[in-house]
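See the structures that follow.
Below are two complexes that have subunit A in common, paired first with subunit B and then with subunit C.
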Partner chain A sequence: MTKAIKQETMAMSGDEAIAYAVKQSDVDVVAAYPITPQTIIVEKFGEYVANGEVQTEFVCTESEHSALTACLAASATGARTFTASASAGLALMHEMLFVTSGCRAPVVMAIANRALSAPLNIHGDQSDSMAERDSGWVQIYVENSQEAYDSIIQAFKIAEDTNILLPVIVGLDGFTLSHSLENVKVLPDQTVLEFVGTRQLPNVLTHEGKEAPFRLDPEYPMTMGPVAFPNYYFEFKRQQDDAMKNALELIKEVNTEYAKISGRSYGNGLIDAYNLEDAEVAIVCVGSTAGTLKTIVDELRQEGLKVGLLRLRTFRPLPVEELRSALENVKVVGVMDKSMSFGGHGGAVFHEVRHALYDSEHRPQVVNYIYGLGGRDSSPIELRRVYEELFAILRIGRAKHIVNYLGLRE
Partner chain B sequence: MTSQEWKFTTKAIAEKPDLFLSGHRACAGCAPATVLRLIMKGTRGPTIVTEATGCMEVVSSIYPYTSWGLPWLHTAFENAAANASGIEAALKIMRKKGKIKDQHVDVIALAGDGGTYDIGIQALSGAVERGHDFLFVLYDNEGYMNTGIQRSGGTPKGAATTTTPAGSVVPGKPERKKPIAEIMLAHDMEYVATASAYYWRDLVSKVRKGLEVNGPAFLHVFAPCPRGWRTDPAKSIEYSKLAVESCVFPVWESVKGKRQLSTPSKLIALAPQKKKTVMDYLKGQGRFRHLFAPQNAKLLDEMQRLVDEKWEKLVKNCDPA
Partner chain C sequence: MSREKTWKEIAPAGVCPKSSMSFKTGDWKTFTPVRDLEKCTLCLQCVMFCPDGAIRWRPDMGKIEFELNFCKGCGICANECPTKAITMVLDKE
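Then we have the complex of A and B:
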């Protein structure tokens, strides 16, 4: 690894760290609508605009639907674009999430993960972005504010790669990360600029048979967002899935490349494995809970217990191979879900991890823990109990319940 | 050339190459298709068009074919104005940063009555309030024709649609047409105008004037739909004339808050004896056939009264010059 560049340390919340990363990434258009707990991102960015610190068109739209639409249209015009949302705002964007990925517009969006109504709840869980699992967006979830900053910079590089051209969500846990002050190391502006570069557009053939950059350009008329009937629609969708597969490799490469300039990496970019090599039991989680769990793993290891942790950083595309090779020698796996799939026998992350392990030679026992909904706190004592339960399953040889609820009144 | 310099003569319009091209799959007698062709005749240079989901979007962009001779974007139904916002914002900043050619590019957003009156009004109102530089053109065929002739906020009172059929108890749509151009005028827009397919020179020059405004402009174009209106496909343009002559759809323009009747309507205001009756306009339209039944005679009278009232109010609100 080359020597990392000298970095300034700033005290920032996750939201502020994201706004700062956007400020440094030469974004052309930011269109957004405020919603708790994402608000600090747009407020901070508004400050940058007001003080002339950015060369960005900041479009304060009248809704999230229009915010994402404006980003998509700006992206189709060739611009680098960013938006941010949460909860109901993301739900209002739902239609446009599919249109954005279908138009292959590399919009980057931060989601300050928050519960969905009803009942109304402004606190953190991952119901909002988990519900958008199949919308064709790359989904990266971060553990802390530092990673939020780093991941936004990486996201532009991933989204805009001409072999990918997919929109990217960077999810950070609402309040736990969005509003908590941390020391965040920031790269010099120039270093970020060089890393993200200017947006490259692939050349495509226009209907007039001319080769031209893929964007709305009066010199090379192009019809974007057409109608496709049963004779073509399916091929469009297959290409999106292929792009997702390409993203698996690219996310790893970007993680490595970023480590060279910053000295920071997050596992291999897809998964962050912690003490898994010889682990008998392990927890899989998404987001900030990994921080607490790492401390618990350290404590239990000191007690001589073979425990490990896998933080799933990239949820879409799902790193099936990485999950399998990291977990197939673990005997019992507990998967943590901060969202509910009503009637689905477990949460989304559980479904995906269990599915990835199905073809393993030594298929581990996999159980699910649903926790923290609507911002309910999960204490270290409770999380430690999960490891104890996993050991109990290991001893008995079977689980009493496949789907379990943590910290819930029964 | 500005609208003052360009005379909008038949020759000039005919000679200008088409940008909405033939080969689209619109129905026979589709006035919106004619309107779109004319709108594109009104463009003045590099232009990007964005369109809401609807008849005209569907018939013109079936992959791998296209009828668009200029860059064109469709994303969804309710957001043509938000598309325009994004395109305009991108053009502005990328031009400033030197990422694209240093030239002005016009942005036109197109939508039908659903994409304007109803599902699209939020995005439209927002984009206008933010002051994006674009022209929004509503082609109003008075119903959700693309999905099979359902009522919209732009459907007139009494019209039978598939969601407001003429029944024995309810004779067609009970509610009046939403005054969309008045609503846009209330946004204090620099340019708001109405036009009708028959008066093509008026229409083309209004497109040009709307584009010349530095900020948002709104153009409401009346465009009959023979399928939805149950009319003879050969008479679409005739109905677009009758609507103006009967004052059901007067044509006017408002520049910086000063509203004037356009020539076809002004002539009627000056010579009221030329004003045709609502009956003249309604007859022959299948969607209003039930109104001619004896039990609905009162309704016909009411419709004439409503048109008269609105017309008088409009004439009063217009600058006489």
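Then we have the complex of A and C:
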């Protein structure tokens, strides 16, 4: 690794760290609508606009549906675009999430993960973005505010790559990260500018038979996202799936490249493995809970117990190969889900991780823990008990329940 | 018709390989507008109202033309015509 650049340390919440990263990333258009716990992101960014610290066109829209539509339209002209949302706001964007990914518009969006109504709840869980799993967006979940800052900068580079052209969601746990003050190391403006670069556009063949940059430009008329009948729709969807597969490699490359300038990396960019090499039991989780779990792993390791942790950083595209090679020698795996798939026999992360392990030679036992819904706190004592239960399954040889509810009054 | 392309051969995002002029969007209509030249006063209301731009005013020739390849047979022209010069006729096929 080359020597990392000298960095300033700032006290920022996760939301503020994201706004700061967007400020440094030379974004052309931000369109957004406020919703807790995301509001600070666009509020803070609004200050940068008002103070003349950025050249960004800031569009205040009347809804989240319009916010994403404005971002999509701006992105289609070749602009770098950003928005942020959460919970009901993201749900209102649902239709446009698919239009954005279908139009291959590399919009970057921060989601301060929050529960969905009803009953109304403004606190953190991952129900909102997990419900948008199949909307064609890359999904990266962060562990802390530092990673939120770093991941936004990386997200522009991932989204806009001419082989990818996919919108990217960066998820940070509502309140736990969005509203908690942390020391965040920030790169110099110029370093970020050089890292994200200028948005490059691939050439495509237009209806006039001309090669033209892939953007809406009156000089080279082009139609994006029109009707595709049964004879072509499927082919366009296959292209999106292929771009997702390409993103797997790119996310790793961007993680490595970013480590060279910042000195920080997050596992291999896809998964963050912690003490997994010789682990007998392991937990898989997404987001900030990994911070607490790493401390517990350290404690249990000191007691001589072979425990490990895998933080799934990139949920879409799913790093199937990485999950398999990291977990196939573990005997019992507990997967943590901060969202519920009603009637689905476990949560989304559990489904995906278990599915990834199905073809392993030594298939581990995989159980699910649903936890933290609606912002319910999970204490270190509770999380430590999960490891104890995993060891109990290892001893007995089978699990009493495949799907478990952590911290719920029975 | 040319061979349909694979997903590797087409531009992303449904970028149209052809101009909209080459897509005959009027081939599935049920009713066809028929104009009575006796009643028509060339007021051009139908040209304005046609949602598909399928009725063209040709000032050089002093007449209007129906471009039936793009007419979907909605009947708005017939409905709006002040002299009732347009009738919608059921296609025989």
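Here is the rule we go by: the second predicted complex is superposed on the first by the 410 of 410 C-alpha atoms of A that agree within 3 Å, B and C clash if a C-alpha of one lies under 4 Å from a C-alpha of the other, contacts with A are read in each partner's own complex, and residues count from 1 in each chain.
Please note the rule applied: contacts are C-beta pairs under 8 Å (C-beta built on N, C-alpha and C of every residue); 3 or more make two chains touch, one makes a residue touch a chain.
Note that the structure is a prediction, hence the values are computed from the model and not measured.
Engineer: Once the two structures are overlaid on subunit A, check if subunit B and subunit C clash or fit side by side.
Structural biologist: clash
Engineer: Which of the two partners, first being subunit B and second being subunit C, lies in contact with A:Leu165: first, second, both, or neither?
Structural biologist: In the superposed model, A:Leu165 contacts subunit C only, not subunit B.
Engineer: Answer with first, second, both or neither: which of subunit B and subunit C does A:Tyr232 touch in the superposed model?
Structural biologist: both
Engineer: In the superposed arrangement, which partner chain does A:Leu205 touch: subunit B (first), subunit C (second), both, or neither?
Structural biologist: second
Engineer: Is A:Pro218 in contact with subunit B, with subunit C, with both, or with neither (first, second, both, neither)?
Structural biologist: In the superposition, A:Pro218 contacts subunit B only.
Engineer: Using the superposition on chain A described above, determine whether A:Asp242 touches subunit B (first), subunit C (second), both, or neither.
Structural biologist: Second partner only, subunit C.
Engineer: In the superposed arrangement, does subunit B or subunit C reach more residues of subunit A?
Structural biologist: B
Engineer: Have a look at where A:Cys103 lands relative to subunit B and subunit C in the superposition and call it first, second, both or neither.
Structural biologist: both
Engineer: Running through the overlay: 201-209, 237-245, 273-281 or 309-317 are the candidate stretches of subunit B; which one clashes with subunit C?
Structural biologist: Comparing the options 201-209, 237-245, 273-281 or 309-317, the clashing one for subunit B against subunit C is 237-245.
Engineer: Which subunit A residues are contacted by subunit C in one complex and by subunit B in the other?
Structural biologist: Overlap of subunit B and subunit C footprints on subunit A: residues 103, 207, 222-226, 228, 232.
Engineer: Can you check the complex and tell me which residues of subunit C touch subunit A?
Structural biologist: 4-7, 10-20
Engineer: Help me check something: in the complex, which residues belonging to subunit B touch subunit A?
Structural biologist: Subunit B reaches subunit A through residues 46-48, 50, 57-58, 61-66, 68-76, 78-79, 81-87, 89-94, 96-97, 99-101, 105, 122-123, 125-127, 129-130.
Engineer: Touching residues of subunit A toward subunit C in the complex: what are they?
Structural biologist: Residues 102-105, 165, 202, 204-208, 214, 222-226, 228, 231-232, 234-236, 238-239, 242 of subunit A touch subunit C in their complex.
Engineer: Going by the contact rule set out above, which residues of subunit A touch subunit B in the complex?
Structural biologist: 28-29, 31, 55-57, 59-63, 65-66, 69-79, 81, 95-96, 99, 103, 198, 207, 216-229, 232
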